[in-house]
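Can you read through this structure? Questions will come right after.
In this document, chain identifiers A, B, C, D and E correspond to the written order of the chains, with residue numbering beginning at 1 in each.
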Amino acid sequence: MNKILEIKNLTKEFKGFTAVKNVSFNVDEGGFFSILGPSGCGKTTLLRMISGFIQESGGEIFIRGKLMRGIPPEKRPVNIVFQSLALFPMMNVRENVAFGLKRQKLKKSEIDDKVSDMLARVSLQGFEKKKVTELSGGQRQRVAIARSLVMKPSILLLDEPLGALDRKLREHMKIELKLLQKELGTTFIYITHDQSEALVMSDKVAVMNKGRFEQIDTPRNLYKNPATAFVAGFVGESNRLELKSKDGDFITTKDGWKLKRPGLDFTPEVLYIRPEAFILTPAKNLDNISRFEVKIKTILFDGSNTKVAAIESSSGAEVLISLPQNARFENLKEGDTVEVGINYENLKCY
Amino acid sequence: MNKILEIKNLTKEFKGFTAVKNVSFNVDEGGFFSILGPSGCGKTTLLRMISGFIQESGGEIFIRGKLMRGIPPEKRPVNIVFQSLALFPMMNVRENVAFGLKRQKLKKSEIDDKVSDMLARVSLQGFEKKKVTELSGGQRQRVAIARSLVMKPSILLLDEPLGALDRKLREHMKIELKLLQKELGTTFIYITHDQSEALVMSDKVAVMNKGRFEQIDTPRNLYKNPATAFVAGFVGESNRLELKSKDGDFITTKDGWKLKRPGLDFTPEVLYIRPEAFILTPAKNLDNISRFEVKIKTILFDGSNTKVAAIESSSGAEVLISLPQNARFENLKEGDTVEVGINYENLKCY
Amino acid sequence: NGTLRLITWKGYAPKALVKKFEKETGIKVKVTYSNNEEMIAKLRATRGGGFDLAQPSVDRISFVQKKFHIYHAIDYSKVNTDQITAAMVKAAKKISGVDGKVYSVPFIYGTTGMIVNKKLAPGANDWSDLWNPKYAGKISYRLKRPILIGAAFGMGYDPFALYSDKAAYKKLIDKVTKKLIESKKYVKTYWTSGDTQKGLVQSGDVVVESGWDAIGWQAHNKNPNIDFICPKSGALGWIDTFAIPAKSKNIEAAYKWINFILQPKNAAYVTNKSSYMTVSKDASKYLDAKIKANFSRSYSKADINNIKWYDALPSGFATIEAKALDKIKAAQ
Amino acid sequence: MENKKGFNITFYLLILPVLLWLIVLIVLPHLDLLISSFQGDSDAGGKVFTLEHYMAFFQSKIYWLTFINTAAYAIGITILAFIVTFPVAFYLTKVISKKYASFLALLLLIPLWVGELVTVYGWMIILGDHGVINEFLLSIGLIDKPIDMLYTNFSMTIGLLYISMLFMVVPIMSTLESLDDSLIEAASDLGASKWTIFTKIIIPYSMPGITSGGIIVFMLVIGDYVAPDILGGKSSLWFTEQIYNEFLSTFNWGEGAAFGFLLLMISSSIIWLALKLTGQKLERVGS
Amino acid sequence: MENKKGFNITFYLLILPVLLWLIVLIVLPHLDLLISSFQGDSDAGGKVFTLEHYMAFFQSKIYWLTFINTAAYAIGITILAFIVTFPVAFYLTKVISKKYASFLALLLLIPLWVGELVTVYGWMIILGDHGVINEFLLSIGLIDKPIDMLYTNFSMTIGLLYISMLFMVVPIMSTLESLDDSLIEAASDLGASKWTIFTKIIIPYSMPGITSGGIIVFMLVIGDYVAPDILGGKSSLWFTEQIYNEFLSTFNWGEGAAFGFLLLMISSSIIWLALKLTGQKLERVGS
């Protein structure tokens, strides 16, 4: 596929503080690329360099092969959807969407057509005359996206656009947004600190930490094979256990919990285990697993996402374990002792 | 167990609008009771009647068997943790926690002891002198709880106390809060519109809608056997399908999807199916299931919470299906066609 | 023919006369109302610019002129002196003369004396009644220069005689200050403007006050019990004049106005409207009977002879007086 | 009303005297003036109801001509004040950092603190024939004799501007503060020029602040007395001065009060009209 | 500085003249006065540098006594203004609904619009021996001769209060608006009485507003001229009056300017001291 965006060694320094450090990546045409990282890691700074609102201190940005240095924001073939949405409160829905087109001095009829078409695509027909302050969160979201998309940008940059929505709506919007992108075929670069958003929507995700990219990968690989401890901890839920020592095929946590983990060619410092990696009462014939016993401390019932907080019997280490919603485990209760196994490869050591 | 709180036919009318309608329930001593409902359903109004900030229009409130009518807020043996936390910004942590005790004209040494003790219990030793504005969200949370708990209320009322926190912290705090309540043994009445919070923490959950209670039950029952369509839709994720007709053991959705669902003695209008109720490629010998075929539209990878959006082949109805993270389904991709089954009893009809 | 920018007192340039003048000469007149202090401050700010003709009191001209040079000398050949009472011209020339040059033409004169409610304070007839316990709480005066002078006369001194001796003058003012502080308890308030002056006496809140003759007469018209009287020890006579600012842009027009407004008919119009007495010689023919009656009622022959005309204030004396006034105001 | 603040009837009883006090303090002084504006002297010396004071305004051309002149001036100065202060307000809220902004905003308070009279005298010194400006222009040879600035409409305008600036800046600043920077960036991102951003985004957004600032300045200027009196040239130009002349020189309280209320009423109507024409609402004023 | 608003150098060039204009408008008038406060007449008739104008203040007991008196009054009136307006501000922001509040807040603007002189005359009508209040009290027989209210410290205090109220109410209202109602409820929930809520929660919370209101009112009152002059009666020598006398009666502009700056400096020091003593910060003033 075509590389629509190429970033090479991009760096941004504020007085004495480096917000983005030597970042390089490519984005394919029509792709959905997410940048995932904790607050303050430099995501917005990176995005603002791409859009041209701030100037890079070093490195290059190419869009469709063209170097962007010195080109002002309004001349770049990219548009932003801001975290705050930044809808113009003094205009109605259609004026908001038409704003950019009017600046291009298009004919009125042409503007009208494009706006109507765009509003139809984001399912906002009939809302033309509404004030943006009268819309629901999800509708406002879509107006903001329509306002940018109607400009037919090569790349649409989205800066945590779901951050302000409540949970239920966010769950819904992230699916809607993914489908919209698929339908439109526009390249999206999506910034978020919510791993679930990044995983669900993206073709590729870059995990960012302290101004650097730690890993660029597909959601599935990111989840299954985190390249660094940071990625393992940040993407998906995990039990984090610090390690004390390694002794042949065995590792021991600070709590004193000894686990078999063959195949390590270095001395790891920290161990990550996903809650769903635990196998409750594993079949006796299962191979390649570490086995141990835990005592149930409390059950955190949450429908399909139910977990138990459990205490490993030999060491007292506390772990969260996913509880499959099978009839088999229905009767598990606090204080019960259960055998548990983990496949070696699910013991992620760093 | 002792009933610490009894509510009988409680009603609250604002001019021409009934915010709470004829609500009755009991809360056991030491229990964790949640009231779960969408925004505007009357949760806060109910809570404020219990705390005495507003007066009921009808019905009775008994705390430890004593009728509360006419007793002002400061005299009731309940304390509130407000959604906004309402920490006093001009005071430091210890002054905030000591505020209520000072009003009781206790000796200074006694106050000091109680405050130190309370701060220790919420793991905030050493933060005494910090300004509340310097604390993190989770710490502020705990100060607010400590400030109420130090008053040794019979009941602690919490009005969406996690609402202002970001997602990761909220996940963490809800477990912490549950453990804290267990340890303290204080009766908690917890208001939220987040079903996951209610399910994870509570002994009993009341689902509220438009001023009424729809169901009061344990989290597990609520999830497994929602009493009403509203509860089925609100608690946990569900596919909602409107029904057109019933024909013997078969029901047909508006889309025209015909499903076997024996044992219904009424004509249902709507069908709810949880994403995890779908069984992918069910064993041939499995009984009591409806079988059909779906085409995968898109895969929403989200680690342990991965789903697929799929289209039922015969009708085009769109459903979300949970995708277990087994090696078996790893190779599933868009456009694939899969056989799917659902146990009859997981077809919830209303 | 240009414009004439006139800075003057209220009532000194009635609209009807302005219109008449504009019609006769084609010169447009812009009038700004002011008082002595402001007028001088304004002229000082521009070194005599901004206005073509000003109307300060005669005693306020020479020391200002010596220090700030803000006026043109008057060319009396351009003034129609036939229209003016000779004694007044003489007085103006004397008081506003600096280095042999004259800086003013007289226009209106009047006195500061007593305004008394004769029914409620039948015996009041001198400056000293301003500290007469009989009228305690019903006395008012303005805490400005005239009260110092008036009180000095009331105490039996002649302050104008000490204008050559600064030290002696200061001593006298100190005595007056002491007196006025002692008697402050009898004072209702110090009035601050013509209307408060009139309002106080009309409302009956005050029965004895020092004030301007014209104000007294205005009050008399509304309430015959109130009238202006000359104090036994002498009323204080002031003359308001014309003076031409140093940077006047239309001196010709200024002289035209002076000659115009001093025409008997016009001068009489001003007096009829305001009750202020004019220096125009033959104006009395045109005066209302009421105005004439006012004059003859309040001024006997002896009173007129006893008027103490303000002399030019020597420089430095203003500061002595200002300090004294502050002291009185501040006293409890 | 629902007693939603946790304060009960005793609270209202507590606050009642204060409210009363406020009414006495604010409404009563004007009420009395209002009454006197309708009172004339009867032949018997008593008081009778009359409209003559109000009629006087409409019958005398000079009065209402002056009023129109004054109002036109006030509108002009309001617009000028907006033009002068808007960039300052924008600068203080959006360009420089908070730290400097609060210091510079303090500067704006100086005219208020120093008092109108003192500042007006300050202006006399600056604008005079031998004032700072003329001396400077003379010394660099740009002019060869002083320009007349003092006692002209120019000096009056400056004086009035100076006094009213603060009241324009503060409300504009408070609306601009709530203007999300990203609105500006979004507009720029969509291809808007700086001018478009200014006219289509910033100005419409700050309209409530501009409106309240405009109303306050207009009323302030139309009611001001000192600056036109001391700095202005043609005195009879200002309506307020006419009112005071009525009060002071003829001691005609009735007519003075009548004119005062006419001033308040007509200028309120002008504001109302302006609001209607620009489609603004009065809601945010005064907060 | 990082050009974070999407405005570049042209923007700064655009705003430069405006800033300059602001400096000319605000700093310059006072600068010139400042210079003249240090100028004396030399024997040769020229200008020389001198401190005599400043010395005059300290050497003459009457000046600094008056200043102390004025300052003490200003402090008192500031406190009074706080006491009178705080309940009103609380009432307007927290008790009644927004709709009525904005109307009532408009009432507070009336004194500003009507102008100081007119309102002061209004008070004269009310408080006079034959004014509304006395007539009323006489008619109901509560008193048998008029009470002295006008031309006393009482009437002056009322006049000054009246003029300064607005400047106290607005900043307090703006801090109170941000006071979360649930703070009050939380305190009540924890057993606090109304008095405790008031003194421990509401007052400390609105301290920034009280501080800025206090500063503005203090400076305004200490710099006012009209109310003490007209309403104050015989013993109310106000320091500002002395300054004007220097300007007007004795033409000693140098001393007048020097006194003006002393007023500004000493009163600023008083404010600074008060801030230090109460542990407040100046940051929020002026916005």
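The rule is simple: a contact is a pair of C-beta atoms (placed from the backbone, for glycine too) under 8 Å apart; a residue touches a chain by one contact, two chains touch by 3 or more.
Keep in mind it's a predicted model, so treat the numbers as computed, not measured.
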Of all other chains, the one whose Cα centre sits farthest from subunit A: C
Most widely separated chain from subunit B, with each centre as the mean of CA atoms: C
Euclidean distance of C-alpha centroids - subunit C vs subunit D, Å: 36
Gap in Å, rounded to a whole number, between the CA centres of subunit E and subunit A: 56
Mean-CA-position distance for subunit B and subunit A (Å): 26
Where subunit B touches two or more other chains at once, by residue number: 53, 73
Subunit E, residues touching no fewer than two other chains: 4, 6, 185, 188, 247
Per-residue overlap in subunit C, given as positions that touch at least 2 other chains: 38, 41, 199
Interface residues, subunit C side, partner subunit E - complex: 37-38, 40-41, 44, 64, 67-68, 137, 143-145, 184, 187-190, 192, 196, 199, 203-205, 318-319, 321-323, 325-327, 329-332
Subunit E contact footprint on subunit D (complex, rising order): 1, 4-7, 10-11, 14-15, 18-19, 21-22, 25-30, 32-33, 36, 84, 87-88, 90-91, 94-95, 97, 101-102, 105-115, 117-119, 121-123, 125-126, 131-132, 158, 161-162, 165, 170, 173-174, 177, 181, 184-185, 188, 194, 216, 219-220, 223-225, 240, 243-244, 247, 253, 260, 264, 282-287
Partner subunit D, residues of subunit C touching it in the complex: 5, 10-11, 15, 30-33, 38, 41-42, 45-47, 49-51, 193-195, 198-199, 218, 247
Residues of subunit B touching subunit E in the complex: 51, 53, 73-74, 79-80, 82-84, 86, 88-90, 99-100, 103-104, 147-148, 151
Parts of subunit E lying in touch with subunit B, wherever the complex brings them together: 180, 182-183, 185-193, 196, 200-201, 204-205, 207
